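Chain IDs A, B, C and D follow the sequence of writing; residue 1 opens each chain.
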């Protein structure tokens, strides 16, 4: 009951508007962190920082991830705008820059701060020759698999070098009666990993650059049609669990840990979640869990070394005070990043902090990203929500056979031209 | 207490001329009844006096002051409504004291006034009741009590008895009359019931289709109606009318009967006119033949509806008459109690 | 309830028609009740129990699933937010609509019908039509992510119906009451305060409860207008909770049950007003 | 006593005075209106009327929400909208809701109302029970039914298990998901419509039934020739609410399918949210809103016309 009273009281205060902090600097921080554990850690970081610096208060705001992007645009233009916020870079950031809502941090970065990150990481937040944000973490997508199930089916992960190999593996797994692949189809973005990964393998970096620059047929071109066709070959094998269309990805993490399917194409973040979301809270141990990169496609321009993933970081609103930048510097300092890496939460981009990564998978991912000739940022980030979500839609439609590869590619091109 | 002067009052609703040049002077302490059929404008006139309707033209004075543009509360009037209009959420006492409360009178003064009024109206036992717990007659008295409490210059009554049953109506009539005699407050009373008007009024204003037909004391109206409308409206059962011509110093009706003229009738030979005979002045044993259609004995009186040349003719006898339908009666009337009107204008001749 | 049956034939004892009627009613009841009962019981079950035994009683009663929610802060915060938003919305709605409805019912002035028609337009349009511009508008007013940002549009969209219901009610007050009050020395404002308001308590309750229920249950406005979980009303909260526990149905069902119980209790307590209001709203045709 | 009315000679009307347009009552009326109306008018204009107009304005632009709309495109958004299959699906789904409301829900509600309008033992309890789902928030109804429909743990899972069928995920089936949602809509709303019908039935004069009985009508004929014709206005009302409800259908869909799978359960509003709001295409979304708005207007006009024609 006291909770109710306090929250009503708090609400009343909020209604009345708070003028109490007039003297102090308030830094508003907005993120979409889903994990409660991480949120608590961040709250503590903010509190620590506030305690150390006289008169700086960090006000943490959190939006549920699904509507984060939708709301952010409008939020940035309101007087409730956060001073710094989570970003995936890409097309969304470019639109924000174009509209003049962001604060340029080139000067701060030039002060040696930029050197603490990898070049590609800083590059992800560079647009029009200026740096607009600070990179924080990187991740990549690959196949996570259940070693036991693979062994039972006689599949050797290390031998899956090509797309065809993968299809064969799927058939073998199916023959043993297990669900070869788990897929959270409801959110659509897990499905788009297949589609865009195939695009990357078939078209390579150049393919994407050409499409964006509207060379030839753009996204409706040969590369993209073929990606759809290849994906369809997989779909035709019926490799996903029944009802995958309405399956929630949040469940699928746990489902892998529970051994409900043999593999899942998912980002680095799956590692921790397959444990925490599993029924017993343990999931697959490091011995039971395996990982291999998305195989190459024969005849494709890309190699298995190119990576698909994200480089996420923090952008600054034009109203951000110097304290906001200062706090982010603290947040991204090796000390903090190493601590978070140690907990297995992230693959940090801060130079040297990756050494602190405890688990073998994350180290491998970190190394792969570092050695990647081209790190393709997720399409749905890179292209902005208007086009990116169409890519997701088309991936989902391909997965249920509602659309032909040609039409799917044409639809993406249409959305790109309409952006 | 005050006089009420109504001068050249006009009322238009858009293009509709509801009241046409109304002139009535009401003396201090007088009890005036506005009477007429529904739609004649009597209620509208009352509402205008109360300030509930706007006045399109003319002048209204209460106590000598022009009040055309004053809101009701500044006119120092009180009003009793047909449906009583008691506030359902207030007790009898609160209802009666409401106007004083609005005026911000001291509470003890309100209490004293309410109790005094309640005593007058025999409501002292009911002060804490709510209107829904009262009978119709009691509600009516509360409505009057509410008016009395204010000690206004003028009382306005808008058909206050029409929602009561016949018996209660008669006793309330007496009560109102008594009250007026006791308080001597100028009173304007609207009704459609000519009986009520006759018994209660010092003076009656008969209205018809937005104009005043006649103003006068009850018996004057009865004895010397100014026109066929008043003649037909006042008196019950209604006056018998016949159209005809003056022939040989007598009225020769189109239905074949022939009647002697009153001595003061200003008529000329051959003039077409309307002749009126009140049923109660019809006497048996004249030279007019009437064929009985219906006989309605009430005990003390006998009402007979007869056929006279295809028209109904009503007779009211103070004695019992054993007439059967189909019988032929010989009747006549005292010419001094008959009326002659112009056939075109309806005005008294 | 009328005393006379619609079909006089019903009065025969052991009528088969009556039996069929009860069979139909029983069947419909089952369809209505089964999901609700399963939901409430599901909150007591373990995940495994729920999976193998969705209909029966829990093999073990897990009270802690309910108590955990009740002892946590989230549930109460969501409820408190909903309460705050709904209560203020109802207050604003009632304030604006009684004033307007009174004016429309009793005051004569030029252009009244036009203004009434203008406000009644609002009856037709679902809030959803305007979420995008509303979002922009609320942002421009600097009310995004504030309680007021939700309260004001909520009230605005419930004005039409409230004014309609109340005007109908006010017009039913005898006109003589207004006349009497004017003669007694009231102006419109005093009439409103001393007569109309006290006499309109039932309709105020009805309109208030309907507005409250609508606001209590609303989802789309807070969804687009609120950002921080600290201010979420319970429908957003429950979706958040659901997002966190996805198919841990036993936990979600416990949460659902706890959010539904207040609504059902309030409904049972006020059903007379709710039904009266809905059917009165029906009168408008 | 003077008998005939004579013009009173005290004072002739002063024309300038008596022609003044407003008297005290009118003046006070204006003051009252000026005091009492602004709160409602302001609130309504600001949050209902202006946004409607702005939706129409925004719909002419391509706009991602940054700054002000500047990229004027005329009817471009509408052309795009009309050429989309999802738009047709959404419209059709809204239409389906209306059809199901009219042809399935309305007869059920009417039938139950006829049973329950009679005084039968327990009648009140049945009424309350049937009305209960209406009181639940749509979000909650959606969540509960998502559980019911869940192929792993729900009712359907239990049934497939009993009959040894493969697990069936109805909400994942693009051909069936919408029907599953329609069932929930009927489940949630029939009680409300039933209450409308009960109110309508109780407004019918009992003497009419007696008269019909005396005239020799059978129970069926009474229903056919007396009850149903007299319920016509209630049916219209029921349809009115069904259409309005359909046009704003959103809350139930979101927890159940989010408009999927493959957009098969999108309605106009989920489409507006998913493709306008989430994708930051404010112009496009506003075009959807405007179309919805126009549908409302057309419906209102048709409804009013129909209503008045019958009233005459």
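Quick note on the criterion: a contact is a pair of C-beta atoms (placed from the backbone, for glycine too) under 8 Å apart; a residue touches a chain by one contact, two chains touch by 3 or more.
These numbers come from a predicted model, not from an experiment.
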item	value
Among all chain pairs, the one with the most C-beta contacts	C-D
Farthest chain (mean CA position) relative to subunit A	B
Distance between chain centroids, defined by C-alpha means - subunit A, subunit D (Å)	41
Where subunit B and subunit D are represented by their mean Cα positions, the distance between them in whole Å	55
Set of subunit C residues in contact with two or more other chains	47, 135-136, 182, 187, 224, 247
Overlap residues in subunit A, where contacts from two or more other chains coincide	67, 74, 77
Shared-contact residues (touching 2 or more other chains) in subunit B	51-52, 71-72
Complex interface listing, subunit A residues touching subunit C	1, 3-4, 7-8, 10-12, 14-15, 30, 34, 36, 61-64, 66-67, 71, 74-75, 77-80, 248, 250-251, 279
Residues of subunit C touching subunit D in the complex	1-10, 18, 21, 24-25, 28-29, 31-36, 38-39, 42, 47, 50-51, 54-55, 92, 95-97, 99-100, 102-103, 107-109, 112, 115, 118-119, 121-122, 124-137, 152-153, 155-157, 159-160, 163, 182, 187-189, 192, 213, 216-217, 219-220, 224, 235, 238-239, 242, 247, 249, 252-253, 256, 259-260, 263-264, 267-268, 271, 274-275, 278-279, 282, 285
Residues on subunit B engaged by subunit C in the complex (per definition of touch)	47, 50-52, 71-73, 77-79, 81-89, 98-99, 102-103, 146, 150, 156
Subunit C - residues contacting subunit A, complex	47, 72-73, 76-77, 79-81, 83-84, 135-136, 139-140, 142, 144-148, 223-224, 227-231, 240, 243-244, 246-247
In the complex with subunit B, residue positions of subunit C that touch it	174, 176-177, 179-187, 190, 194-195, 198-199
